[in-house]
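Order as written gives the chain letters A, B and C; numbering starts at 1 within each chain.
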Amino acid sequence: MAEDQDRTEEPVNESLFEAPPMGEQERMVEAILFASAEPVSIREMAGRMPHGSEPAEAVANLRRRYEGRGVNVVRVGEAWAIRTAPDLGFLMKKEVVETRKLSRAAIETLAIVAYHQPVTRAEIEEIRGVSVSRGTIDQLLELEWIRLGRRKMTPGRPVTFIVTPAFLDHFGLETARDLPGLKDLRAAGLLDNRPPPGEGEPEEDDRQEEMFGAAPPEPDEAPEE
Amino acid sequence: MAEDQDRTEEPVNESLFEAPPMGEQERMVEAILFASAEPVSIREMAGRMPHGSEPAEAVANLRRRYEGRGVNVVRVGEAWAIRTAPDLGFLMKKEVVETRKLSRAAIETLAIVAYHQPVTRAEIEEIRGVSVSRGTIDQLLELEWIRLGRRKMTPGRPVTFIVTPAFLDHFGLETARDLPGLKDLRAAGLLDNRPPPGEGEPEEDDRQEEMFGAAPPEPDEAPEE
Amino acid sequence: MTETGTDPEVTSLSDRLAAEALIVDVDGYEGPLDVLLALSRTQKVDLRQISILALAQQYLAFVEKARELRIELAADYLVMAAWLAFLKSRLLLPPDPSEEGPSGEELAAHLAFQLERLEAMREASARLMARDQKGRDFFVRGISEDVTAVRRTTWTATLLDLMQAYARVRTKDEFRPYALDREKLMTMEQALDRLRHLIGFAGEWTDILSYLPEGWGGDPQMRRSATASTFAASLELVKEGRASIRQSGTFAPIHIRRRDG
């Protein structure tokens, strides 16, 4: 076959050899384009196909056949190739889910929200003793473990944060009240026996009840992402 | 954990996003199969396609669509691939590096593994009447045409060998059941593991039934003599 | 046939070619079973009808010939020869009822089965290799696209993590390193608390700076923080209707006073 390469396009050959039917030529072009690692020129196709073949016409037919399909026959410079339809590129991505532990800052912030809700950012910072980065709050919002609560009736009307039902679900709690109290933490050896001066139990007052009871829809919902 | 979250969201998704129409799913499967040189399992397709898609049905449709074309949708074990039609092989540049020419011993060993799987080395030697060299097995393992199967529940718990999806892919077999002449060989009792007279009965046969899937139970009779 | 045997290969080869219809090239055979299969083909019958007796005789002749040609036969060829000699005697002699073990017919049947099975596997391997093969007869996708993995991270924590984190936060007071920073800041809540108490006493316009707590007027950072908080707290009180606020000009002092009613 290779030695015929240069003569295939000459019209003389047409009379010498019967070319395969166009449908067959289309199959050939299809197989060639599929299997080639590089785009293939018409000339190269002609070199591989039987004498008298019309690869240009076969490619044109094949191109029409693939219109609207999952792959298309596309022209690449002077050559042709089969490529994924542009709108299906997303299929070539595979999602790999990786589970990671929350950062210390995030888990501490989450704990403070859970124990002190509704709590403002300033209060979180006050309790943690360090400033809370925007990213940490955003991460918890994105996880849908915290959301915005009502604004606090203090100067500046700062937004507050509260934990969500998804949070409760994740940690297997029925209500935020089920969170172990400081006494429990102490009993579990998680807290020093000496309570820090001036620190009582976290308040588990009716504010929380409100949050998890028939909470009226909040005007400032966390943006759902 | 993350699964919990997914679980809670699932019913929502089902109602929110309807699976794309079958024609669209067919396009997706087409794009996925075209893009991959290796067979792709239904499971993997489902993982990449929108929620609620039916890749198995889409593949079946696609297969029909490509019947008689220059490339075909072929089944390889539990997976699917697009391959050029075998009658068009002459068009292709044989760029593929020929695998080392297999020795007669390797070819026979391969056939024995394919037809008798799962089969132990001792059984292979019994059938060939000669010891099997380490190199022969290694070569087939390297080609990834055979791999280790379950250990046999006989004294010494010898390892067994079985053929791989790569083997099926290379020889264009849908499943190991499609091995040429398998049925006849089994009917003739030539796949039986008959012990030499005077030796213990082998436990056998239901193992193989498993390997070859839901083959109709063969009467376990000796060849007519 | 040389006496010395210095070059047995050449001698045996020429001898074989000359003298023997059966070419004994042991290297070309894969063991006794292979030889037996080759020999059985000379019987020109279906393997199922093969005469094992005739085959045993052929094999013994083959081994004999090899010996004559001084070909080193591997031990298993000789083992097979011995076994076939035994089988031959069993097949020729009438069965002895007192004899233990399988009959000659059973042994012969098994050998026939082995030969047939080997033949079948040979045919199967030939058929297998004759199939269309990947990379030779059919081809895979030339331009394959790798599936790019998109990493999605999900975050997790346990209730214990949560409790430990909270315990950590609550016990931090005893050793927290950032306490100094916080001491220089006055929160609006602090200022408001203070102002709520003090505003009741402000019947007259009073500069809000006079409400700064003691010790907050010196250090510039503390002063700034206290001033801002106090101002914000003042606005809050105004909003609550508890105070009035005024400023005579830009950057002028800001005054507040109690608002009654």
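The criterion applied here is as follows: a contact is a pair of C-beta atoms (placed from the backbone, for glycine too) under 8 Å apart; a residue touches a chain by one contact, two chains touch by 3 or more.
Being a predicted model, the structure only gives us computed values, none of them experimental.
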### Task
Could you classify the connectivity of these chains, where an edge means two chains touch, as line, ring, star, complete or other?
complete
### Query
For which chain is the distance between its Cα centroid and the global protein Cα centroid smallest?
C
### Message
Based on mean C-alpha positions, I'd like to know which chain lies farthest from chain B.
### Response
A
### Task
Quick one: report the Å distance separating chain A from chain B, using the average Cα coordinate of each chain.
33
### Summary
In whole angstrom, the CA-centroid distance of chain B from chain C equals 19
### Query
Once you find the CA centre of chain A and the CA centre of chain C, what distance in Å lies between them?
24
### Query
For chain C, which residues are shared contacts with two or more other chains?
139-141, 145, 147, 154, 156
### Task
List, in ascending order, every residue of chain A touching at least 2 other chains.
31, 34-37, 82, 84, 92-95, 97, 99, 170
### Summary
Given the complex, residues on chain B that touch chain C span 1-2, 5, 34-38, 48, 81-86, 89, 92, 94, 96, 98, 104-105, 107-108, 110-112, 114-115, 127-130, 169-173, 179-181, 185, 188-190, 194, 196-198, 223-225
### In the complex with chain A, residue positions of chain B that touch it
1-2, 4-5, 8, 26-32, 34-35, 47-49, 68-71, 82, 84-85, 88, 90-93, 95
### Interface residues, chain C side, partner chain B - complex
30-34, 48, 76, 101-103, 106-107, 109-110, 112-114, 116-118, 120-125, 127-129, 131-141, 144-145, 147, 154, 156
### Summary
chain A partner, complex, touching residues on chain C are 139-143, 145-159, 161-174, 176, 178-179, 182, 187-189, 192, 232-233, 235-236, 239
